[in-house]
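Handing you a structure now.
Note that the chains are named A, B, C, D, E and F in the order they appear, and that numbering of residues resets to 1 at the start of each chain.
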Amino acid sequence: MSMEAIAVSPEHVVGACAERKAAGYRFVTMTCVAVDEHMLDVLYHFDKDMELEHLRLRIPKDSCVPSITPVFFAAFLVENEIQDLFGLRFCGLAIDYKHSLYLDEAAPKAPFCKGAVDASPRPGGKPPGDPESSE
Amino acid sequence: MWERMTQGSRIKSPWLLHYDCGSCNGCDIEVLACLTPIYDLERFGVVNVGNPLHADILLVTGTVNHRNKRVLRNLYEQMPRPKVVIAVGSCALTGGVFREAYNVVGGVAKVIPVDVYVPGCPVKPEAVIDGVILGLERFRRKKSGKNLLEPGDWGEERRG
Amino acid sequence: MNEGLLVAGFALVGAPLLGGLITGADRIITARLQARIGPPLIQPFYDVAKLLGKEQIAVNVWQVFGACAYLMASAIAVVLLALRTDLLVILFTQAVGSVFLVVGALASASPYSQVGAHRELLQVLCYEPLLILVAVGVYLHVGSFKVSDILAWQTPLLSKLPFLFLALGCVLTIKLRKSPFDLSTSHHGHQEIVKGLLTDYSGPILAFAEIGHWLETVLLLGLCALFWTTHWLGMILLAGATFALQILIDNVSSRMNWRWMLGYVWAVGLSLSVVNLVWVQAR
Amino acid sequence: MELSASDPILMPALLFTLILFPFLAAFGAYLAVSDRLLKVIIVVTGVALVTASLVLSAQVPFSFALSPDGPIAFRAVIEVADFALLSLIFYFGWKHRHPTIMALAALQGVLLLYVQFLLSEGQAHWPVFYGDNLALIMIFIISVVGSIICFQALDYMKAHEQHQGLDRSRRSRFFSIMVLFLGAMNGLVLANDMAFFYFFFEVTTLCSFLLIAHDRTPVAVSNALRALWMNCLGGAAFTVAMTGVALHVNSLDLSRLTSAGPADGVLLPALAFLGLAAFTKAAQFPFQSWLLGAMVAPTPVSALLHSSTMVKVGVYLVFRMAPAIRGTFLSHCLAVFGGFGFLAAAALAVGQSNGKKVLAYSTISNLGLMIACAGLNTSAALTAGVLLILFHAVNKALLFLCVGTIEQRIASRDIEDMRGLYTIMPVTALMTVFGVIMMIMPPFGLMLGKWMAMEAAATNLFVIVMVTLGSALTVMYWARWAGILMSDPFAGRFTPERQPWPTWTALGCLCLGGGILSVAAPWLYSLWFTRALSPGYEPPYGVHGGILENAVGAFAVWPLAGVAAVGFVLAVVAVYRAGGARIVKPYVSGLQTDTPGVFTGPLNQPVQARASNYYLSSLFGESRLTVWFNLAAVALLGLILGGAL
Amino acid sequence: MPVSVIPFGPQHPVLPEPIHLKLTVEDEVIREAVPALGYVHRGLEKLAEIRDFQQMIQIVERVCGICSMMHSLCYVQGIEAMMGIEVPPRAKYLRVIWAELHRMHSHLLWLGLFADSFGFESLFMEIWKIREKIMDLQEATTGNRVIVSVNVIGGVRRDLSPEQQRMILTTLKDVEDEVRRLEKTLLDDYTIKKRTKGKGVLRSDQALELGCVGPVLRGSGVAKDTRLLGYAAYNELSFQPVVEPDGDCHARGKVRYREVLQSIDLIRQALSKLPDGELSASVRGRPEGEGTARVEQPRGELFYYIRADGGRQLSRVRIRTPTFANLPALVTMLPGVYLSDVPVVVMSIDPCISCTER
Amino acid sequence: MFSMAPSLMRNFFSKKATRRYPQVARPPFADARGELTNDAALCTFCGVCAAKCPSQCIRVDKKSVSWQYDPFACIYCGICVENCKAKSLRMHPHYRPPTVVHEIIVLHGKAPGAVSRKD
């Protein structure tokens, strides 16, 4: 069996999500898969009337993916998870756990990645509980 | 006489602190089930206090990971002596099926001394009761006062 | 004077024993209501003896002071009751104990014990006026605040002060830490603030707090018993029935929050008291 | 009770020492050039006042008339001085563009003139001064507590000015007003002639105004003006009362007015206005705002004027008029009004985190209780009131001085900032806790008073309900304060903080005083309190073996104190023995770090766990309740005045 | 206004599981709640790379002990779809029976913990007493009380004998009686309503936008139930999703209560229609490709993404559990409720943290 | 408010639900997955159990003919028993009792009986 997924580019992913939101889709989740040592697949799953629809974003693992949290707030959890597990970065995250959602210092960095990764946090998102973020 | 009284009472009044160290809930709900009418651990004076400062027995379920090992140690240190640690379920004993997962440190014994091991996946409530009763044995051989043996030390019976 | 000392000594020994047994009975009855077997009757004594034999750990040594003062104030209050002295003084002394328990809890920086302490103060705010109004009602009826005079009264107070007795029941629910009023700390620790007020009391001082609680239980049930002074059997039955009802209420209600408690106790409890006071005074 | 024949030499000497000497000392203080001189003046005045009050205690009750042919026409002097004071107040009103003050001053002037006119034909033949045990107790408070506060203020003000960074010290001005105030208070308490009374009354108002404005900040000035106009309103009410008295009995004899037994109808309106004057002075609702504003003044001022002495004038006045209104509707209203003040101020205190504001509300609350006692007007209630006056003065002075000392150290008067004060200043923290304990716990004097008040109020439903609710609120706001002073984990011993010795002396004296007086209460009761009652009031309780008892109730002061002392020692021993306890971090869900109270939060960041007090602002917020309380108080006042008219 | 900062968890008596919430509180009103996870994270998705796809069944069963049956069901359905295996009808019905038993035990467990969260201890005891009957059923029919472990790729491991079927039916009758006896308390008790009505309100549009699933979504009035997809034998059974419109904690409790009764009905239907036949189909070859699978877990929609490249090991298993989907809603529901209601609101989404973090 | 009271009263006056374990132990269900044992006499040391075990708690060494089992890591799923061709593995309905030491069970094929070594 093969799964049909609509390929999107990083520039269009937020727009594509917004379209689906406007069309009444429910955000199911995102999945990240390491394709090879350099590339990652980020899949966005949506649901409408019990039918699933998937978007596929294929990107190099050291790039920065625009966060869809402005569209779907609920995505903050899964985007943080992907940050933790794959070392991939999301720009503009509503609540940014800075690679500490699941993993502590002592745990391996970006365990799901194939090959070496640089998982150091990069400025951009706001940490939770930051006074600025609770405006 | 006072010594004997407190020691006797210790066996009759084990207050429980249950810490879920990252279990799949299987053992947790079985531990909780022990407190409910069918098993009723309160028959033995067991109260689930949920607060290390009141507890005599630390009952741990689940695998230790890099984040919760600190919590586990903290809770253990906050308990007043004498105290007993019971590891419940395969995960708490060795890490169980998750031994090889990247975020798993292993069993509880890697962080704090363990007195009683209750195997099972998940353990049955009867096994938890057995484990608690076995753990109480430790109080029987403990002296109160200053020279309390450290938990995990069963004296001459300890092997290996 | 010698007789007084004897009574005081008897109260000092007897009240904790009685309180422990009452607590044990409470636990058994609760368990039976929940279709469980429950602990042995003397389980509370095991608990306390064990706690006394534990290592003393503390967050702050002022907790020790608070717990000791609580125990002592409760004991004094019970002795004053046994000596049949002034009802108001007994209530004041009992309040001292609560305050020290709160002060001890506030001494710990743990937010749970702090929140618990503040909730306890809110509980004091709820029950203290009712307790005093009960004393006032008794005074208006009997003409004296002294327990000795109340005991000598010839008709059961309950016939003239039924609403005040209900208000006292409300107080009892709060003081015995029963649902729906077990806000500051509850008997079973499944609460959003852990053990609340008692979170950071540990080992021997927790035992002190526990014995203090037994004494308060005895004190309050003693107050209940004052509503049927004509026969000792009536006193026991009334106190027993009240206590049984408390256990039932504990088991048929959930824990409420302090806003509800304040509104409910001040609205219902106070109006009950005031209605009864007006009634008594009108005669 | 018969008046002792006043000694022709001793009495004038005593009165001179108690009243005029402080005026002279004030003048001296104003001119004092050095700290040392200032200290000498303060100490000498203090010693003189205390000695004189001790000597006076053997003389009461007495009355003292000025012989009309004496060397100085005191009465004329006072009358002129009255107008001078009014002009001064008018000047302040004009200077600060405050029409209300000007209007009230003018009104008082007109009424005074009218009184002069009314009295013109019959010349004064009533005693100018009158002293009984009630006055004596007041004199003791003023002399002893006042001196202690002034003494402590020496160092306090030095630090205070350092803090402000003044280039020129204004301490001599400050102390001259303080000392002047002591004299005026003594005069006020002893005055029997209403004109004299009025003079001293206005002097205290003016002192209060000057001292509140002492720091010259805009807030201080505006608050001082509020205090001034509200007190002027009291003054105006007093002059109305004077007019009424002069109109009906052609006299200004206060004792005649009050000791004549229940007054006939014509005098009731005058008495009601006297009550109004008392309420403004005692900062009862709806006039509470001036006392709250007065908290901007340096703390010794708050301790002396705004809790221990001046505000008690209101209570004192009501106590003086109590016999006259016995059994009247006015008396009943007074009880309800006082009870309401007790409850309302206690409720507002719960919503406060500012330590001085809590103290202020607590003061208002206690004054309300005292007024309620006067209104209940039974011998037990009045005795309770006198007890409250004495013990409140001592305890509150202690607490104010403690807060002042704390404030100078931590630069905040907010209760939240005093969390764990024990770690920084253990002795002061303990003293504060002791002060709080004396406020709310038996067997200390204040609780004895409250107990007596409750037993007396038991037959009055309105009052007893309000008093019980108020007491519970009181316990709440005090207990949490005491609790958080001891908060925060600590282990081992702490070295006592360093403070100037006068501060220690003052705080120590007040602590000891409060304790000793409490234990001595049964003795004082037979010595003073029962004798402070006017004729016609029977001593309410019998005393034997330190137990106050009557048919209604009993308070075993000595046995309780003994048991409490034993309990205290046992608890201290337990604390001492627990010194070896293993100190652990407080429970924070197992996330504690090495720093106490800090837990590891989200992102593995350290977070300080905090638990602030419950101020219940949604229920007891100042902004929420004040309006309603004021409305209720105005309605009650209307009832009092309307009922009397 | 002075605020309190209160840590809530990971060790906390009302939370059966370790999650941490940093609560900022003002006079007992929550102003902000920041969650911290990671106390249960094991990384078991990664184990797919070292265990073969058959062994993964036992591992995904231990994602969560309470709904282990659902995890393995979802997983094996995903693999079966990928490999094109047709499951025998009897196995499909048996899967429904065990799945619904599991739902009942989970909902009863939750109802008990919910009662505990607002301090109704005797109700907690009563419900857990009833739940033990389901636990006995599970142990008698599958060999384990909690982790039933009945699913294999292509079917089920165990059969139900006629006696066992009868035992299920009689026990269900008991359970139904006892649960219905508690209906008045659970749905109408004054103190319970006070504690749950109007707490943690989520409008239907909010719930949809936040991606809520399961009883949380249905408690907000949205009739979404993954069982309507008709997997296993659900397409042959008649049922309607349980929906409550209010969107508060009380509504969520009501949904779960009614779903317990619905499960009893579904089990009876399935038992009455239970066909004879094989328990499992034979499995040949290895999975290849990528695919998703969804089932309705007690807590809501469970979503699996599986990618395989024809080896013994799968290259990726991604598990999106219902609590993971409901957690953002929790974060938005908490501000504004009282501190005493935090356990109630947290419990109302039926959090399963070990699911969430895996 | 008292809607719960009838249930409680029934509880109070009827037989308690509590099973008096350990005084009275209920017999386990026949098919319960409990303690795992291996009969060394039947075991062929084929290694299928070790390969199938999801928890990898069984180790079979064909060279030294030994079967090593860690009961503390075992998840009692029964997969090994189902796949055991020699029927030497057995799952007993009763659970494995708690212990105070970590045991690892080692069986040797050549030896006449089972040798248990505690570690």
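Convention: contacts are C-beta pairs under 8 Å (C-beta built on N, C-alpha and C of every residue); 3 or more make two chains touch, one makes a residue touch a chain.
Predicted model only: the values in this text are computed from it and were never measured.
S.K.: Listed by label, which chains are in contact with chain B and with chain F?
M.R.: Touching chain B as well as chain F, we find C, E.
S.K.: Show me the overlap between the contact partners of chain A and those of chain E.
M.R.: Touching chain A and chain E alike, sorted by label: B, D.
S.K.: Max contacts between which two chains?
M.R.: C-D
S.K.: Name the chain whose C-alpha centroid is farthest from the C-alpha centroid of chain A.
M.R.: Most remote chain from chain A, centroid-wise, comes out as D.
S.K.: Of all chains present, which has the mean Cα position farthest from that of chain F?
M.R.: D
S.K.: Please tell me the distance, in whole Å, between the geometric centres of chain B and chain C computed from their C-alpha atoms.
M.R.: The mean C-alpha positions of chain B and chain C differ by 34 Å.
S.K.: Centre to centre, by mean C-alpha position, how many angstrom separate chain B and chain D?
M.R.: So the centroids are 60 Å from each other.
S.K.: With centres defined as the mean C-alpha position, give me the chain D-chain F separation in Å.
M.R.: Here chain D and chain F have centroids separated by 79 Å.
S.K.: What's the distance between the Cα centroids of chain A and chain B, rounded to whole Å?
M.R.: Centre separation, chain A to chain B: 40 Å.
S.K.: Could you pull out the residues of chain B that touch at least 2 other chains?
M.R.: 19, 36-38, 40, 43, 48-53, 65, 67, 71, 75, 78, 80, 96-97, 100, 102-103, 121, 124
S.K.: Please output the residue numbers of chain C that touch at least 2 other chains, ranges allowed.
M.R.: Only 33-37, 55-57, 111-112, 114-115, 188-190, 194, 199-200, 251-253 qualify.
S.K.: Among the residues of chain F, which ones contact at least 2 other chains?
M.R.: Those would be 1, 3-4, 8, 11, 16-18, 20, 54-55, 75-77.
S.K.: Give the pairs of chains that touch; include all such pairs.
M.R.: Contacting pairs: A-B, A-D, A-E, B-C, B-D, B-E, B-F, C-D, C-E, C-F, D-E, E-F.
S.K.: Can you list the residues on chain C that touch chain D in the complex?
M.R.: 55-62, 64-65, 68-69, 72-73, 76, 85-89, 92-93, 95-96, 99, 102-115, 117-118, 121-122, 124-126, 128-129, 132-133, 136, 139-140, 143-146, 194, 199-200, 205, 262, 270, 274, 277-278, 281
S.K.: For the complex, give me every residue of chain E touching chain F.
M.R.: Counting only chain E, the residues touching chain F are 51, 54-59, 62, 122-123, 126, 129, 132, 139-140, 142-144, 147, 149, 157-158, 181-182, 184-185, 188-191.
S.K.: With touch defined as at the start, can you tell me which chain D residues reach chain C in the complex?
M.R.: Those in contact with chain C are residues 420, 422, 433, 440-442, 447, 451, 454-455, 458-459, 461, 464-465, 468-469, 471-473, 475-476, 479-480, 482-484, 486-491, 551-556, 560, 563-564, 567-568, 570-572, 574-575, 578-588, 596-597, 609-611, 613-614, 619.
S.K.: Report the residues of chain D in contact with chain E in the complex, numbered from low to high.
M.R.: 353, 416, 588-591, 599, 601-603, 607-618
S.K.: What residues of chain E sit close enough to touch chain A in their complex?
M.R.: 22, 24, 32, 34-35, 37-38, 41, 43, 45-46, 81-82, 84, 208-211, 224, 226, 228-229, 289-292, 294, 301, 303, 305, 307, 315-316, 318, 320, 324-325, 327-329, 332, 357
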